[in-house]
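In structure tokens below, several structures.
Here come two complexes built around subunit A, the first alongside subunit B, the second alongside subunit C.
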Partner chain A sequence: MTFFAPFCIPFIIGTVSLFVTIIAKWVSWVYYMPRTDRKLLRRGLFSMQTVKGVGEVVCECLLHRRIFRINPLLGYMHMSLAFGWFLLIVVGWLETVAYLGLEPVPLQGHVFFRYFATGISEHKPVFDFVMDALLLFVLSGVALAWGKRFYSRAMGMRRTTKHFLGDRVALSALWFIFPARLVAESLTCALYGGGGFLTGTIGRWMASHVNIEILQMLYEPSWWFYSCALGVFFVAMPFSRYQHIFTEIPLIFLRRYRLLPHEKASSLDKFQIQACSRCGICLDPCQLQQDLGINDVQSVYFLRDRRYNRLKLAVANNCLMCGRCEAVCPVGINLNTLRQNSRDRLRNIPDESRYKYFKGLDRSSGEGRVGYFAGCMTLLTPRTLHSMEQIFKAVGEDVWWADRDGGVCCGRPLKLSGETDSAKKMMQFNKELFYKHNISILVTSCPICLRVFREEYALRGIEVLHHSEYIARLMREGRLKLNNDGGRVTYHDPCELGRGCGIYDAPREVLSAVGELLEPKHTRENSYCCGGSLANTVIGDAQQLRLAQTMSAEFEATGAGTVVTSCPLCKKSIARGTSMPVKDLSEIVAENIAS
Partner chain B sequence: MERVIVIGGGVAGMKAALDLRRRGFEVTLLEKSRHLGGKVRKWHCLFPTFTSAAEVLGGLKAEVADSDIEVRLEAEVVSFDNRSVTLASGEKLACGAVVLATGFTLFDARVKEEYGYGIYDNVITSADLEEMFRNGRVALRNGERPRRVAFLHCVGSRDEKVCQRHCSKVCCVTGVKQAIEVKKLFPEADVFNFYMDIRMFGPGYEEMYREAQLSHNIHFVRGRISEASPTIDGRLQIKAEDTLTGRPLKMSVDMLVLLVGMRSNDDNVHLAEQAGVPLAPNGFFAPKDMFAGNVCSPRKGVFYAGAITAPKSIGEVLNEGSAVADAVTEYLS
Partner chain C sequence: MAAINWGFAISRPRVIDVDHNNLRKSDEILLEMPELQSCIGCGACTASCTAGNLTQFNFRKVHTLVRRGEYQGAYEEMNKCMLCGKCRLLCPRGINTRGVVMLIKRKLGDF
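The block that comes next holds the complex of A and B.
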């Protein structure tokens, strides 16, 4: 039996092009990776993480478990295409083995087995059935994908990605592959018999209703069409969104080996950027889309622009970095880090002279085991600072005040805007200041500062606490007694504190002690951004206000008398979106200290 | 003659009621509080002539008292249209036309938390200072004389951060007036005005501004204060930028006066919706047009007088009281 026919050529070209491109990409990405990352990669390869990674690849790349969690129908669609196709390949291979034994068969022999197998007289109905069932499984996914174009809401998506031409070509090819296979196999069955419940049935129907000459005329072209669809798809794949199919696999392993994007862009990022399937799940959570109608800056578009070197600073900067999209990304891409290192690459202009005044600067006051860092925004919301003073006084804590009379910024705002090197200088300054004053606990009431202290400062011997955690600890230790006179309150989770640092429970614990807590509709991991995010340097005040108003409507709907948050920036943003009183957690605590 | 209801017993409402009555209408003047006079009751002297506010108000009040205008105090309006006004008590008053003269609300300086109003002693608003003038005792919280006083213009005006984009118009000249008054009380004190622009739009205002600099040695610094914080010795440290020299500055002062702006009343939204008339984006009522119809609403029988449509000076508000009487007369005849 020969396994070649002219119609196989498009398929063969496509396959070769696909594998050459993919391998070239992987090799070059690894080659240009930072040295430390390559070391991590070598160390990780022979660890348990590799075994665990295989399991994750099955769960995520084939079964798409995370998408199932977002919406079952959407999950089924992705699974039927990925897992169904995968099984078609595996079972197809088993089928050739079952018919021909373990003799070497070229790739196209497996893929177009029905075409080449017409000479074989015996039939294995089990394979006919299974292969038809799998084809039906994949076709159901294709049908859903078509349906999603017209009515995405059925899959829990209000918006879907706007695709560019290359993606549309690949998408069309993909959509044609399986219907083409169905037609080609059915025609083969019509002329040569065989086939299962699907192709066999359609084949018999064709044989009895369609002129045999027409069937013969369509036979070869149908296989040509199938092969072309495959060929076009494979050629387009590494240059389109479908690159994700082969990129997500190494990404899963790299993540397990702790190879994550850095504050500076590197070739490692490509594993993340090209793992984006442009599924568009990140679109709906985006408040810029929802409230402001901005529809070209979301993570899917940002990654696409970055991948094709078309990224503009205006797009990179137009993001709240609230992390709502990162939380739902089914591929688990570190969207915020990529966004930040893009900004670094596009605009980092360190200016040494700006920071000369750091030399010998120390405006701190007081002495104590506990240090308090207000941060710039708390200095602009002095009621919080004032309340913290009262709380420290009530528990008799000796406090070292890092910046009550002015200090140096924690560095995160600059880092978020891409000025990574300047931010480093500030971080270094503050770090030395903290060490110099021998504190063992550092309390801050600003989640922006908190996050950078925890993630970047690497403070040895100093425990960093958000004031909500510190107050909760004081309560647990019995040092701070509170009256439950705060009334009905609702709470806003600041992005940097909640999704950023994973602190959801401490503020709730404190609030439950001073009043009755009523949760707004979007809360905890799902909470909205107040709109005041420092990370977005593009939207204007009026737009920020609209974001605050959407959120405030939810607070008003709870029936609470006061909105409480634990971020000075959120407090300012919320206050202008609502007529309700807005307080920092420390204020409501200070008001309710039991004497 | 038909009844005309004037809602709001401030200067605009009183002037409108008087002029309407003079034209023979039966007039009912509704006032939410226990006193006629509105915001002017709390003012000491008026720019640019330092005329006593009590004098201006006293004249109007006496005229109202002498007339047979039906004055209803503690009468809060919940809704109205061109034929009737409904009070909080549930009472519904029928009428031929309504004049809305409910004025404005002073910006709550606590919203600009960075200035520390309500947190630090000796951060006060222009309204608080006026009350001190009226009480005849301007002093620091500890009773001492201030040695250095800073006025900050545009608190709650021209400030997108607090959703008040409009200019409140009269605070500039109020700041100059109050600075002169403070300087007269404490000639040895340094008095500073921090401003974005000085808008001296009225007769005699610019002259007063010049006089403040030439005769009273009041300092004007172009730049807004960014924040205020307490110092160890109980003073206030303010941070600002002098935008004319392009340098940041820090200064310790004894008293910080915030010149609070005029914002639209919170219940404008509800009232406008009930009456079927539009609001401007800044929350003030939008008149029919900015010219010949500036005291009329787009709805027949609903009229405006005073700061209900925009921040205005007292002189302008009084003029509108007369203008609205004219417009109502034309409508009802």
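The block that comes next holds the complex of A and C.
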């Protein structure tokens, strides 16, 4: 049996082009990786992580478990296309083995087996049934995908991604592949018999209702069309969103080997950028989209622009970096890090002479093993600072005040704006200051500072605590007794504290001790950003206010008397959007200290 | 005739001649950030400034000079800013001051 027909040519060209492009991409990305990352890769390759990675690949790339968790219908759509197609390939291979034994068959022989198998008289109905069932499975996914394009709300998505031409070509080819396969196989069944409940039934119907000459005339073109759809899709795949199919697999392993994007852009980022499938799940959580109608800066568009080197500063800068999209990304792309290192690439200019005035600066006061770093924003909300003073006094703690009389910023705002190298100077200054004063605990009431202290400073021997954690600890140790007179309060999770540092429970523990806690609709991992985010340097005042107002409406709906948050910046932003009193966690604690 | 050193000198004139200054950059800045026109020069930004607390950095002054076409040294001066964002919270006109700092640096710097 020969396994070649002229219609196979588009498919063969497509397949060769696909694999050459993919391998060239992977090799060049690994080749241009920073050396330390390559070392991590070599070390990780022969560890348990590789085995665990295989499991994750099955769960994510084939079954799409994370999308299922977000939205079951959407999960089914992705799974039917990915897992269904995968099974079609595997079962198709088994089918050829069952018919022909282990004799070598070229790739097109497996893919177009029905075409070449017409000469075989023996018949295996089990395979006919399974292959038809799988085809139906995939077709149901394609039908859902069509439906989603026309009416995305039916799939639980308010919005779906706007695609550019290349993606549309690949998308159309993908949509045609399975209907074309159905038609080609049904025609084959109509002319030669066989087939399962789907193709066989359609084939028999065609044979009895359609003139045989017409069927014969359509037979070859239908296989040509199927092959062309496959060929076009395979050629377009590495240059379109469908590159994610093959990029997500190495990404899962790299992530397990702890190869994550850095603050400086590198070729490692390409594994993340090209793993984006542009599913558009990041669109709905984006508050810029929801409240302000800005619809070209979301992560999916940012990654697309960066991938095709069309990224503009205005797009890179227009993001709150609240992390709501990162929390739902089914591929688990480190969207905030990528956004930050894009900004670094676009506008970082190292300047040696910058911040010379830091030299010899030390305005700290007090003595103690506990250090308190107020941070710029806390200095602007003096009530928080005074409340912290009261709390420290109540527990009789000696405190070293790092910046009560002015100090250097923690460096995170500058880093978020892209000037990474200059931000390093601030970090270095503060780090030396902390070491000089020999503290063992560093308390800060600003989550922005907290995050950078934990992630960048690498403070050895100093425990960094947010004031909510510190107060919770004082309560647990019995050093701080509180009255439960705070009334009904609601709590806002600051982005940097919640999604950024994973601190959700400490402030709630404190709040339940001083009052009755009522949760707003969007809370914990889903909480809104207050709009004041330092990461966004594009949106204006009115737009920030609108974000704050949307969020405040949820607080008012809880029926609480007071809004409590634990970030000075959030406090300022929320206060503009609501008429309710807004307090910092430390304020409500200081008011309720039992004497 | 050698000049006699009297121990005094005439101060350099500090007049800003807007007719002679090249306002092209200033106009570009205004075009990109039109809200700057609503600045009332109250100085809240300067009063709250973290860098201004430690140095002579004066955001209102630099911004005003740039608007009048006096670009000399503005970039270096703006580099003292730590971009902490306190000024933005205090601005009574709600000007995106951090955006202004970045914009002035972009227009007057080399990038």
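Everything that follows uses one rule, which is that the second predicted complex is superposed on the first by the 594 of 595 C-alpha atoms of A that agree within 3 Å, B and C clash if a C-alpha of one lies under 4 Å from a C-alpha of the other, contacts with A are read in each partner's own complex, and residues count from 1 in each chain.
We take it that contacts are C-beta pairs under 8 Å (C-beta built on N, C-alpha and C of every residue); 3 or more make two chains touch, one makes a residue touch a chain.
What you see is a predicted model; the values in this text were computed from it and never measured.
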Superposed partners subunit B and subunit C on subunit A - clash or fit: clash
Partner chain in contact with A:62 - subunit B first, subunit C second, else both or neither: neither
Partner chain(s) touched by A:386 [first = subunit B, second = subunit C, both, neither]: first
In the superposition, subunit B vs subunit C on subunit A residues touched: C
Which of subunit B and subunit C A:575 touches, first, second, both or neither: first
Partner chain(s) touched by A:260 [first = subunit B, second = subunit C, both, neither]: neither
Contacts of A:328 with subunit B and subunit C, given as first, second, both or neither: neither
Partner chain(s) touched by A:143 [first = subunit B, second = subunit C, both, neither]: neither
First, second, both or neither for A:408, with subunit B first and subunit C second: second
Subunit B versus subunit C as contact partner of A:542, first or second or both or neither: both
Which superposed partner A:459 touches (first subunit B, second subunit C, both, neither): neither
Superposition clash, subunit B versus subunit C, among 93-101, 237-245 or 255-263: 237-245
Touching both subunit B and subunit C, residues of subunit A: 379-380, 540-542, 572
Partner subunit A, residues of subunit B touching it in the complex: 111, 113-114, 116, 119-120, 160-163, 226-227, 229, 266
Subunit A residues within the subunit B interface of the complex: 379-383, 386, 404-405, 540-542, 545, 572, 575-576, 579
Complex interface listing, subunit A residues touching subunit C: 347, 349, 351, 354-355, 357, 361, 376-377, 379-380, 406-409, 411, 413-414, 417, 419, 422, 426, 532, 534, 537-542, 569, 572
For the subunit C and subunit A complex, residues of the former touching the latter: 35, 48, 50, 53-55, 79-80, 82-86, 89-91, 93-96, 98-99, 102, 106, 109-111
